[in-house]
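Labels for the chains are A, B, C and D, by order of writing; each one numbers its residues from 1.
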Amino acid sequence: MKEIKISIAGASGITGIELIKILDRHKHSKIISALSRTYEGKEISKAFKNILSLKNNKKIYFKSFFSKSDIQDSDLIFLCLPPGKSMEYTKYLMENGYNGKIIDIGSDFRLNNADDYEEWYGEKHILKEMLPKFVYGLPELNKEAIKNADYLANPGCYPTSIILALAPIIDLKSLKFNSITIDSKSGVSGAGRKLKDEYLFLNIADNFFAYSPLKHRHIPEIEQELSKISGSENKISFTPHLLPINRGIFTSIYLNGVNIGEIKELKDKINDSFNNFYRNEAFIKLIDDDIPKISNVSGTNSMHISFLIDCRTSAIKIFSAIDNILKGAAGQAVQNMNLMFGLNETEGLDMQGISN
Amino acid sequence: MKEIKISIAGASGITGIELIKILDRHKHSKIISALSRTYEGKEISKAFKNILSLKNNKKIYFKSFFSKSDIQDSDLIFLCLPPGKSMEYTKYLMENGYNGKIIDIGSDFRLNNADDYEEWYGEKHILKEMLPKFVYGLPELNKEAIKNADYLANPGCYPTSIILALAPIIDLKSLKFNSITIDSKSGVSGAGRKLKDEYLFLNIADNFFAYSPLKHRHIPEIEQELSKISGSENKISFTPHLLPINRGIFTSIYLNGVNIGEIKELKDKINDSFNNFYRNEAFIKLIDDDIPKISNVSGTNSMHISFLIDCRTSAIKIFSAIDNILKGAAGQAVQNMNLMFGLNETEGLDMQGISN
Amino acid sequence: MKEIKISIAGASGITGIELIKILDRHKHSKIISALSRTYEGKEISKAFKNILSLKNNKKIYFKSFFSKSDIQDSDLIFLCLPPGKSMEYTKYLMENGYNGKIIDIGSDFRLNNADDYEEWYGEKHILKEMLPKFVYGLPELNKEAIKNADYLANPGCYPTSIILALAPIIDLKSLKFNSITIDSKSGVSGAGRKLKDEYLFLNIADNFFAYSPLKHRHIPEIEQELSKISGSENKISFTPHLLPINRGIFTSIYLNGVNIGEIKELKDKINDSFNNFYRNEAFIKLIDDDIPKISNVSGTNSMHISFLIDCRTSAIKIFSAIDNILKGAAGQAVQNMNLMFGLNETEGLDMQGISN
Amino acid sequence: MKEIKISIAGASGITGIELIKILDRHKHSKIISALSRTYEGKEISKAFKNILSLKNNKKIYFKSFFSKSDIQDSDLIFLCLPPGKSMEYTKYLMENGYNGKIIDIGSDFRLNNADDYEEWYGEKHILKEMLPKFVYGLPELNKEAIKNADYLANPGCYPTSIILALAPIIDLKSLKFNSITIDSKSGVSGAGRKLKDEYLFLNIADNFFAYSPLKHRHIPEIEQELSKISGSENKISFTPHLLPINRGIFTSIYLNGVNIGEIKELKDKINDSFNNFYRNEAFIKLIDDDIPKISNVSGTNSMHISFLIDCRTSAIKIFSAIDNILKGAAGQAVQNMNLMFGLNETEGLDMQGISN
C-alpha cells in the first residue's frame, strides 16, 4: 500500500494537533504540509512539546499557505477550520486545481440544505453546489457512501454522541414516542483553544452550567440525520452543558411518552436492533451491565452506549460516552480516511484509554 | 433572645460538620452535645482541622451517646443519619422523654405515606405514627407550617433543587404539558464520606456518568411535593449524574409538550408566578439575563433559577443551581431552625460564595 | 464604635471582590465607593453573581473614578492595583488632599529601599518619600507598628506563607545553617483574572510546573523581612509553582546544613520559639501531629505550620499552608484594618473552611 | 522475530493494567497469563472497560495462580506487586523451575544491600542471594547490563524522575556543592488503587500537601544510584507531595552551595554532559527554552528536563517531568523488556501525549 500524502489546514487547533498525533502512528500516511498562522515557521514539537517526542520522527514546520506543490501532491486535505472558513478554503482549492480528496472536520458541509446553514450559522453559504458532493461521515451508519466519497463532512462531536446512540432505536418503526429530550455534557476541549474569560481555569474548575440552551448549531445536523433514519421528521430538545474536565462528552437521551408495551419484548427488540447496526463495528460497544463513563472512552476512538426502559414514566433513557476530540472529531476523521482509501478502518486508531 | 441549646446526632458526617460550622457563627445557638462514633473523645478541631480554627472558640468533644442531661436540656436535636437510623433515633428520644424539637436531615420522615417509604427504601417504617407530625421543610413553600413545627423533615438535596424551581410553573393551572424530564448533576459530597472505590479520586477526576437511573430514592419525595402544588399527580423522569467537583447541584428540568401559545404572554405569566412565590425570599434569585452556575452559589445558602421557553420544540427548560451541602442540607436545616424558633430566617446564613 | 467609611480602588479583581465579601460581614465598616473600569456602572451583584446574594444588602455600583466626596469622606482607602499603579494612585490621593488611611494590597510600598524596587520591578519609584511612612503589614510580627500606622503595605501571598513560617526559627540566634531553599506551590487565583493562554482550563487542569524560577518579585520582600528578624542578611533560593486548583499556597521550606546537635533539645527550642511568637495569635496554628494541608485553611484567614528535623541530612523542613486570597491578601488586609482602627483583630474574619 | 510469551503477576493494579495496554500494541509480545485475585475469572475488558475496546483483540481472563504451563512457557514474567511480595513470588517461581526472565516492577530487588532493604522496608529480605543477579533498570544509564540481564529491578517512579535528571550533573567531578534538596510532586495514581480515606476525591481535589517527609522508601534507592555515578556518597533531602491530578511527577531538584564560577562555562559544561548522556536517547528531552510541564509528558514514556543556574544564591535548579505510570513504571518496564530481548528500545512505546 502506498502512502497517503496529506495536508492539513488549521493544524494547530486542538483537532489539528490530535489529527497529527494519530497520523504519526498511522502506517500509511505522510503529512506533507501543515498550516498554522499562529505558529508559522515553528517546528511542531517545539510549539507543542507534548507531541512527537520520539526523536526519530520526521520534523514538521508549520506554514501559512499551501504551496502549489502541496496542492498538486496531496491525496487528501483535512480542513480543521471554524464555521465559514471551510467553504472559503474549499473554494480556493477548487479554483487552484486541487483534485484530491477533502475531509472537512468543520461544519460547512454537514447540512444538506444551504438554507438551514444560513439560518443556523447566520451567513451565506458560498459553495452550495458542492453540498451534494459531501458525504456525511458517520462510518457506522454510512459506510458504503463513505468508501466512495471524494468529499466528506466529518460530524460534529455532539451529533456523533447522539445520532449513533439513537439510530438503532428510532429505526424501530413500531416504536412511538412523544418527544426527544437530550442533555449533553462536554469537556472544555470542545471549545478549542479560544482565549475567552469563560474558559479560564478560574471559571471552569469546581463549576458546571448549561450554555446555548435554545439555538445550538448542532441541532439541525442532528435532526437532519435522525430524520433520514426514522423516515419522518424528528425534532429534538437539545441542551449542552460544560464539564470541568478536558476531554469527553456524556449524553443523556430521554424518549418521552413511549408505547412501551411488554418491557422484555421491547428490550429484546432494541438489543436486536443495536446488534444489527453495530455487530461488526470495532468502535461501538453496547454496555449491558452498567452505564457508560467518560473515563472508559477518553483517549480512544470508542463509543459506549447503554439504554434503560423506565416503565413507571413511559420513558427510554439512553446514555452515551465518547472522547469528543477522537470519536467526536480527529479520530472519526481518520476512520473516514481509512474507509475512503480502502484501508483497515481501525488503522492508527488502536489507542488505549488514558484513565487508570 | 435566649440561646437555643442544640445536640447533633451524626455530627462528623459532611452535613454534620457543615452544620457545626454554621452554628459556630450563629448568634443564638449553642451546641451542647455532638455525637460521632468514629471520632469519640476527639476534640472537633483536632479531628477536622479545617474548622473552628479561631482559638477563642469553645471546644467540642465528640461522644458516642447523648447523656440524660443532653436529652433533658436540648431545645433542638439535629439528626444527620443514614436512612433507617433517624427513625430509630427518634424512637429512642421519644422513649427517653425528650420534649424538645427535632430536625431530621435524613430521609425517614419526608414521605407522608409509610408504604412509599417501604417501597422505595426497602425497609419497614418503625414510627409511622410520627409521620403526620413531621413538617416538610422547604421554607419558601411551607413557611407557616414550619414556624409552628416541632418535628421537621429537612428535604433532600435533589428535591430542593427541583421542587423550588418547578413550583411557580406547575402552579399555573392553565399550563398543560405531557411530561417532566429531570437531569441532575451533583458534586461528590452528596455521597458523604463513604469509603467506596467509586468515590476515589482516580475514579471521579476527569470523569462523568449517570447513576441510579431508574429508582433513585428522591423520586417519591419530589413527586409527593409537586403533586401538592399542582393539585394533581405529577410523575417525573429523574436521572442523577456525578460531577467531578466537591460541591454543588445543577439541575436541568424539561417540561415537554407544552401548550405554549403566545410566548411573551407565557413568559410574563411565569415571571409573575416566580415573583409571587419568591419576591420576599432572601435565598431565591431568578436569573433573567443568564443561566445559573454552580460557582455562583457554592458556599452559600442561595438558589439560582432561570427558565427559557423553546417554541421550536414546545418545551420549557428550567435550570437551577444550589450548594448541595448548604441549601441542599445543613444550610436549609438552619433556615428551618430559625423559623421554628422565631428568629430572623437568614441568621447564621450570610456566607458569601467561595468562588473567585 | 462608629462605622469606618471605606473606598476601594481596583475593586473588581479577585482581591477586591474578596475584600468586598469580607467587608459585607464586617460589623464596623461601610463601603462608600468601589472602582472598576471594566464594570463601570454595573451593580456588583449583577457583575459577580456569587456575592451579595442576600436581597437585603445595600447595592454597590462600580464607578471609574473617586468623586471629591469619596476622597473627603473616606476613613480608609484600599488599593488593589498592579505594580506601579499603587504609587500613582497614592500620589493622586495625596495631591487631592486625602487625609485618611491607606492599605496598599499591591506591591509598591513593600520594599523599604527604592533601589530594590527599581531593580526587581524594572521601573522608577515615583513616591520614594512615602516609603518610610508605609508599615509592612504582617500583624503577627509587627502588631504595634500596625496599630499606629496611617499607611500600610500589605504583604505578598508567598512572603506571608514564608516569613511567618520561618520567623520563629531564624530568630534562634544559636541556630546555624548553610542555605534556605524554598519551594512554593500556588493555586491559579494568585494570577488574578488575567486573560492569558497559560491560565486557560486546558493548560492548567491535569498539569503542574514551576515558573519564574530565577527572579520572582517576592524575593527581595522575603529577604528584607527575614533579615530584620535574624539580624543578618538572609538569601533565599525561591521557586514558585502553579497548582491545578483555585485557592491556596503550600510552601515547603528547607534549611540545609543545620547544626542540629541534640534533636530533642532543638525541637523544644523551636517549639518554644513558635509559642513565644504566636501563643496569642488567633490565625496561626502550629500543627504538631500532622502536616498542613491546603484544604484545612482554604476559605479561612488561618495559617497552618509544621516543622520536622531531619538528622540524616542535617536539614529542617518547614511546611505552611494559607489561603492565598485571604491570609495572603484580602483577609490579612482586613486584619490590618482592624488593628489600625482599634478593633478586634478577628472582626469579619470568622469564616470557616470551605472543604468538606 | 518470534513472540515473547509473557505472564503478569499483579495484573489488575494500575501498573499491571497499563502494562497490558502497552503490550496490546507491542508487535512482538503475547500475554499468556494475567493474575488478579480481585478479578479472578473476569474477562479483562469487562473488569476494565477502558481497555481493549477494539473487538478484534484476543480476550484475557484473570486468574489467581499461574498454571504449570504458564511457568514453563513464559519467556518473561512481570511482577507488579507490593513490597515483600515480589521476593516471595520470585522464590516461588525459582522453586518451581521457572527459567525465563523476570522484570520486577516492585521494590524488592532495587537495593543492592539487604540491610538497606531491612532498614527502610522494615522486614527481612528472604532472597538475598538473588540480589546481585538483579540489574537496576534505568536504560539510559545502564543499557549494556540491561541487555544481558535475566533479572531486572525496574526503578521507582520518584527515583526515575530524580536520578536521570541529576546524573549528567553529579557526573561532573569538578562541580562542588553542599547539599541536594529534592521536592517532588506526584499525581495520586502513584498510590495505586488503595481504598483509603486519604485518596477519596473529597480529600484530594482542591488540595495539596507533603507526605512521608522524613523516611520515604525511595530515598536509599536514589542515594545508591547517585553514589554509583558520582563515585562518592550522596545524601539527599527528599520530600514527596501529592498533586490533585491522576498522572505525572514533577520534581524540583536544588543543588545548594555550588562553586558556580563563570556561569557561561558551567552552563556549557552541563549542556555537554547532558548531550553525552542522552544524545541518542529517544525518551529524554532537555528543554532549553522553557520549564518541563507534566502535561507535556503525561501519556508518554518521555522525560523532560531543564536546568538553571542561580548565581545570586549559588544554586543549580533542575526540573523534571515524567508520567509516573509510564516512564515511572510500566513504560520503562517495557523499555527494559525491549532491551533484554534485543528489540528496538521504543517498540510499543510510541504513545503521544494525552493533553490538548
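In this text, a contact is a pair of C-beta atoms (placed from the backbone, for glycine too) under 8 Å apart; a residue touches a chain by one contact, two chains touch by 3 or more.
Given the structure is predicted, the values throughout are model-derived calculations rather than measurements.
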item	value
Comparison of C-D and B-C (more C-beta pairs in contact)	C-D
Relative to subunit B, chain with the most remote C-alpha centre	D
Between subunit A and subunit C, centroid-to-centroid distance (C-alpha), Å	47
Subunit C-subunit D separation of Cα centroids, rounded to whole Å	40
Gap in Å, rounded to a whole number, between the CA centres of subunit C and subunit B	36
Contacts with two or more other chains, residues of subunit D listed in rising order	14, 189, 193, 202-203, 205-206, 244-247, 293, 295, 298, 355-356
Residue ranges of subunit C in contact with subunit D within the complex	178-179, 181, 183, 185, 202-203, 205-211, 213-214, 235-237, 239, 241, 243-248, 250, 252, 254, 256-257, 291-295, 298, 308, 310, 312-315, 317, 319, 321, 355-356
Subunit B-facing residues of subunit C, complex	14, 17-18, 21-22, 24-25, 46, 49-56, 189, 193, 206, 246-247, 281-283, 285, 287, 289-290, 293, 295-300, 302, 304, 325, 346, 350-356
Complex contacts: residues of subunit D adjacent to subunit B	14, 188-189, 193, 195-197, 199-206, 244-246
